[in-house]
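Across the two complexes that follow, subunit A remains constant while its partner is subunit B and subsequently subunit C.
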Partner chain A sequence: MFRFIFNRILQSVVVIFIVVTITFFMVRLAPGDPFSSERRIPDYIQQRILEHYGLDRPAVEQYWRYLQGAAPKRFRPDKLFTEDPLLNAFGIDLGPSYTSARTVNQIIAETFPVSFELGAWALLIAILFGVSAGMTASVFRNTALDYVPMSVAMAGICLPTFVMGPILALIFGVWLGWFNVSGWFVPADRVLPAVTLGLVYAAVIARITRGGMLEILSQDFIRTAQAKGVPYGKIIFKHTLRGGLLPVVTYMGPALAGVISGSFVVETIFQIPGLGRQFVQSAFNRDYFLVLGTVSVYAVLITLANLTVDIVQVILNPRLRFED
Partner chain B sequence: MIRLGRIDFRGCVALAAALLAGCGGGIPDVEEATAQGVLLKGNGSEPKTLDPQVATGVTENKIISSLIEGLIAYHPTDDELPEPGVAERWEPNEDYSEWTFFLREDALWSNGDPVTAHDFVWSYERMLTPEFGAEYVEMLYSMENAEEFHRGELTDFSAVGVEALDERTLRIRLVGPTPFFLGMLKHYAWYPVHPPTVEAYGTGRLDRSSPWTLQGRFVGNGPFVLEEWRVNQYIRVTKSPTYWDRDRVRLNEIYFMAIEDVNTEQRMYASGRLHVTNTVPSNDISNLRRTRPDELRLEPYLGTYFYRFNTTRPPFDDARVRRALAMSMDREAIVNRVTLGDQTPAYAFVPPGFDDFPRRRLVAHDPEAARRLLAEAGFPEGHGFPRKFLLFNTLEDHRKIAEAVVSMWNRELGIDFQLENKEWRVYLEAQSQLDFDLSRAGWIGDYMDPITFLELWTSDNGNNNTGWSNERYDELIRKAFRSETQEEHYAALIEAEEILMEAMPVIPVYHYNRIYLIRPEVRGWNPKLLDNRPYKYLYLE
Partner chain C sequence: MPPLLEVRDLTTYFHTRNGVVRAVDGVSFSLNRGETLGIVGESGSGKSVTCYSMLGLIPMPPGRIEKGSAVFDGATDLLDCPPKVLQSIRGKRISMIFQDPMTSLNPYLRVSTQIMEPLFLHEKGIGKKEALERAIQSLREVGITEPERRVHFYPHEFSGGMRQRVMIAMAMITHPELLIADEPSTALDVTVQAQILELIKERQRANNSAVILITHDLGVVAGMCDRINVMYAGKIVESGTADDIFKRAAHPYTIALKRSIPSLGTKGKPLYTIPGMPPDLSQLIPGDAFALRKGIRSGGKYDHTPPPMVQVSDTHWVRDSDCELPSLEEVLDEC
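Presenting the complex of A and B:
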């Protein structure tokens, strides 16, 4: 198992390196430059700005310098909760941002926890609602308790967050006044964005759970259990759920990636100071280092999520082994 | 028992609410804020910097002008009048080429240091130092030798026309007579910065990404001080205890809320979280006219929406073709049926609002004459007119206007245009490299003088981007920059605008309006052409 994990981590490092490299050159190939504005800056002033950020140097040299800065150089877990954890704990310097008085390190340190928290709430909602709806539907197959949750789930999948978000904000924020329409200040501010973001995944999870459960329920060992007179609740929760949830676990990898990187829309609608907005805005602004920084964070996160999913799968499913 | 239960329940709710509010430090709603003298203002996207010498945007300006004050301040009602700022009085010489400013004794930085003439000299040197790379540095080129110093042709800053005669007397020598100089001085490029603070952070004086502007470090001299900066949430400023005119300042705090999405801003306003919005979604204007007629403001803004030709590409190298397109555009229809915000149809390039500058119709809506011109140019009824592209940056509002205009040209002149939208930075690049046929653009005045609109079209101006040039025009603009009197200055500009509209390298479409919502509690908020708010005059009731 440790060999498996070690190998997978090695693979992840290679993947992240490739992602950073491709992003580095792609973002520079994109048309438009970071310092253009409606009022045009004379070329000799632009030249000074490029020099300030080292952008006048050859791309390969910039790349090398970036890698030197971005490579982790130490590991000091005790410094994780300082002002600049990336630099203090890992020795990572992701460079300046062209559109902020803060460095990329600072921006990530400030915004990542927010997006992470939002994503965690959203996933929690998705799992709670999705799994219970899917289980209900599979147990009461072909009854109203199946059709209603599954129709709602279908609608949930079809309604994009940029439609769902404003509707929820309008109903619960403007009309009923239960929640703030935007912001990230009080705990109640978490509710609407997390529900908006979580509902889509809840819907998908509900459908996957239902499918997985039905497959297990039709298998022989369940019939055997029923014949032996095992209580129905025990059959569902003990024998069916474990196998029935396997597809959901597989889905958690992509879902986590989606929740975290897809939070841009929700963050914009609800005015949340998260990483998703930085990610998209930096691309619009051609804020090269910030694009690279956010992409790297997502790359690390997604590889970690996939690794975790792989491990959990093997633990849940005895038919799988840790193999390279 | 029942009564007790109810009280307990309420107590619990109150306690929970207090806990919830306490742990996040929530923002007050408008009622609470009004009672506390706190203004909640929607301010558009997150500001990039609060360093006045690095900033370039309207968003930044709205915050910086509460934190820093220049020699001349914003007048509460009339943008054309100078209001004493750090300078309590000033004296121009006879031909307005040399100005002496007398700084007030009680002008202090927020750390207690006096604001001196040396601070201004130091600030202007920082701005003009080539390595610093200030984007708005051209504003300072009106000082003698400033451009030479900035271009590196001169290395001794003492030759530049700014000098501290003593602690409280500043003399500025200009390249020539500039009667409108006081208007320019209101621009934030002329604001001072606090030298010891700037020196203390980053790599010092010339670090354009220096973190001196962050919360807890910022030192300014304006009516408010920076209290809190929460990225992508808000910037909170509080009344300054050291500001010279502090007795006049009536607001205790201002929240500048960073709100990216106009629809989110709209919902915040509707739910009582903002006193005043930055803007209004254009789709909502008609609805708001009915539902919030007293709160919706549609006020003239010193700016022009226009189309620019690439005059290096045929057939737009022919002034007759350009005029024909301009004359067949029905601006009334665009304003009344497309933009819907009471904008002023533009029949000249300079927007209305200058007291002594005449408003004229230099381009008429005359499709008949337009057809004749086009026929003269060799395209009778549009026959043989090549298929050209109309470029705009990706935004629904621009598309609507472009569609209307293109259909007008098709109906009146029989010519076809293809719409082409590009992402903002790609669009900017296409414009600056003359890689377009016809392109949408806009311009907002930097200060109150028509020259900020007309200087764009001189041969060597970086914002021209049309390929058009005219010797007489260049000469008139030069003359306008050196005029000793307002009359002479305007006479040159009036003639220049006639030349511009005759050659028509740009088609003015409409003059902008500022469209926003404001609650009745906000007082002292007057329509301003440049949308400059002297916050010290605002109050809530």
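Presenting the complex of A and C:
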């Protein structure tokens, strides 16, 4: 088990390194540079700026210096909740942002918690609604309690967040006046964006849960349990749930990636100061270090999520446990 | 003393999109305490559905028990009792083991959890420690070595034969009065088959349980069963003691089944097979179902009326039939 986790962490490190490398050279392949949208400036000033940021050096040298800065150098958990946790706790310096006065570290420290909170609420909604709807549908298969949630789920899958978001804002923000239409100030501001982001995944999870549960319910060992006199509720919760939720766990990796990348749409709709917006803007501005920084954060998050999924799967499915 | 189980006119239909499948059509038999009954027939003859019906294991819908009764221990009609009552009998007084031990145990739960489950369900107030001891004892009785350690294993850590032993241990842990074994040896290696059957016999003697053994293998029932029911197309076609069936078989289907036991032929001789296929049970069969089988000649006596059961002796009943079996040469020509 420990060997398995160690191997997975090693793989994750390699993946993140590859992602950073590819991103580094890809953004430089894009036409233009961070300053191409600025007003014309004299060449010698332009030269000074490029020198200041080291952009006049060969790409490989820039790459080497970036890696040196970005590599974690220490681990101080007590410094996690300081102003620049990346630098203070891990010794990671993701460089300056060309388009703002702050460093990439500071931008991430400011915006990441917002995106993280939004994503966490969205995933919570997705799992709560999805799993309960899917379980209800599978237990009451081919009745109204199956058809209604599953039709709603199908609609939920088909509606993209940029349609769902404005509709929810219109109904609950404008017409009913229950929530603010945009912003991220009071706790109630979390509701609409989290629901918008979570519903799509709730729909997918509902369908996966239903499928997984039905698959297990049709297995021979459920009949064995019935023959033993196990009551129906116990058959569902003790004998079926574990295996039935395995596909959902598998889906959580991609779901987390989706919640993260989907969050920039939602952040834009609801004017939320999150990392997703920084990510999109940095790409437009060719803010090299900010692009790299946000991509790295996402890469670390997604690999962490997948690592967790793998471990949870092994815990849930004993048949995987002893394979080396 | 009333028989342990008295089944009368059990009729189970499946209402599918392609029509009504008459899986079990008026099956009656009775079983005394400690007795072993074999139910023999081809796949789809209704032998498993008969037993699943009694325990309420038929998926409903599409299945439906149309009529009949199955009185257990002279008191409870299994087909017509509150679900709670049936649940308290299942796994406690009637246990069941299934064909494929690879899929019949829950792969996500430890063997200990699964073996102890009937105890927690049916013997209220039993402690965890005592239940575990009983589980270990039960595993020891079915010949699993090191049961103290292996009780905590997961099913996939056992071989097929060992898993069937676990199934038997789980079924016998509550000392049931009736054990239903649905093709318990079919999915196992030939070398393990005999061991498992021997084990069932041994556990049956130790508990003085009655056993219903469902199988398509006449060889299996020969050495084990006191009485044998031969089923065809949802009906019992012949019923009698092992001697009646093996020495005095009267129904052509039983005779054909016996002739197709490979070991009874001489070496080098081609094997006898019953030609054709069992009938499509979603079509109403007014007469003798066996007469419809391809390659079977019938005099037409029961084309439109159901053949009656005829008593041959005190113990031996057979469904009347005027069918004639084809000879081995004819069967070979057919192939």
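A few comments on the model shown:
Just so we're on the same page, the second predicted complex is superposed on the first by the 313 of 324 C-alpha atoms of A that agree within 3 Å, B and C clash if a C-alpha of one lies under 4 Å from a C-alpha of the other, contacts with A are read in each partner's own complex, and residues count from 1 in each chain.
Going forward, contacts are C-beta pairs under 8 Å (C-beta built on N, C-alpha and C of every residue); 3 or more make two chains touch, one makes a residue touch a chain.
These figures come from a predicted structure and were not determined experimentally.
Steric overlap between subunit B and subunit C is absent once the structures are superposed on subunit A; the two fit side by side.
In the overlay built on the shared chain, the residue A:49 is in contact with subunit B alone; subunit C does not reach it. By the touch criterion defined above, A:243 reaches subunit C but does not reach subunit B. When the two structures are aligned on the shared chain, A:177 is found in touch with subunit B, with no touch to subunit C. Of the two partner chains placed around the shared chain by superposition, subunit B is the only one that A:271 touches, whereas subunit C remains out of contact. Residue by residue along subunit A, subunit B and subunit C are tallied for touches, and B comes out ahead.
Rounded to the nearest 10, the angle at the Cα centre of subunit A between subunit B and subunit C in the chain-A superposition is 150°.
Of the two partner chains, subunit C is the only one touched by A:316; subunit B is not. Touch criterion met: A:187 reaches subunit B, while subunit C stays clear of it. Judged by the touch definition given at the top, the superposed model places A:226 against subunit C, while subunit B stays out of reach. Contacts of A:210 after superposition on the shared chain: neither subunit B nor subunit C is touched. Taking every C-alpha atom of subunit B against every C-alpha atom of subunit C, the smallest gap after superposition is 45 Å.
Shared contact residues of subunit A with subunit B and subunit C: none. Put simply, subunit B touches subunit A in their complex at residues 20-21, 23-27, 46, 48-51, 56, 130-135, 137-138, 151, 208-211, 213-214, 230-233, 258-261, 263-264, 267-268, 270-271, 273, 423-426, 428-429, 432, 441-443, 462-463, 465.
Of all residues in subunit A, only 31-42, 44-46, 48-49, 51-52, 96-97, 99-102, 107, 110-111, 166, 169-170, 173-174, 177, 180-189, 268-274, 277, 284-286 touch subunit B in the complex they form. Taken together, the subunit A residues at the contact with subunit C in this complex read 219-221, 223-231, 238-239, 242-243, 316-319, 321-322. Within the complex formed with subunit A, the residues of subunit C that make contact are 55-57, 87-92, 95-96, 98, 100, 103-110, 117-118, 121-122, 154, 156-157, 167, 170.
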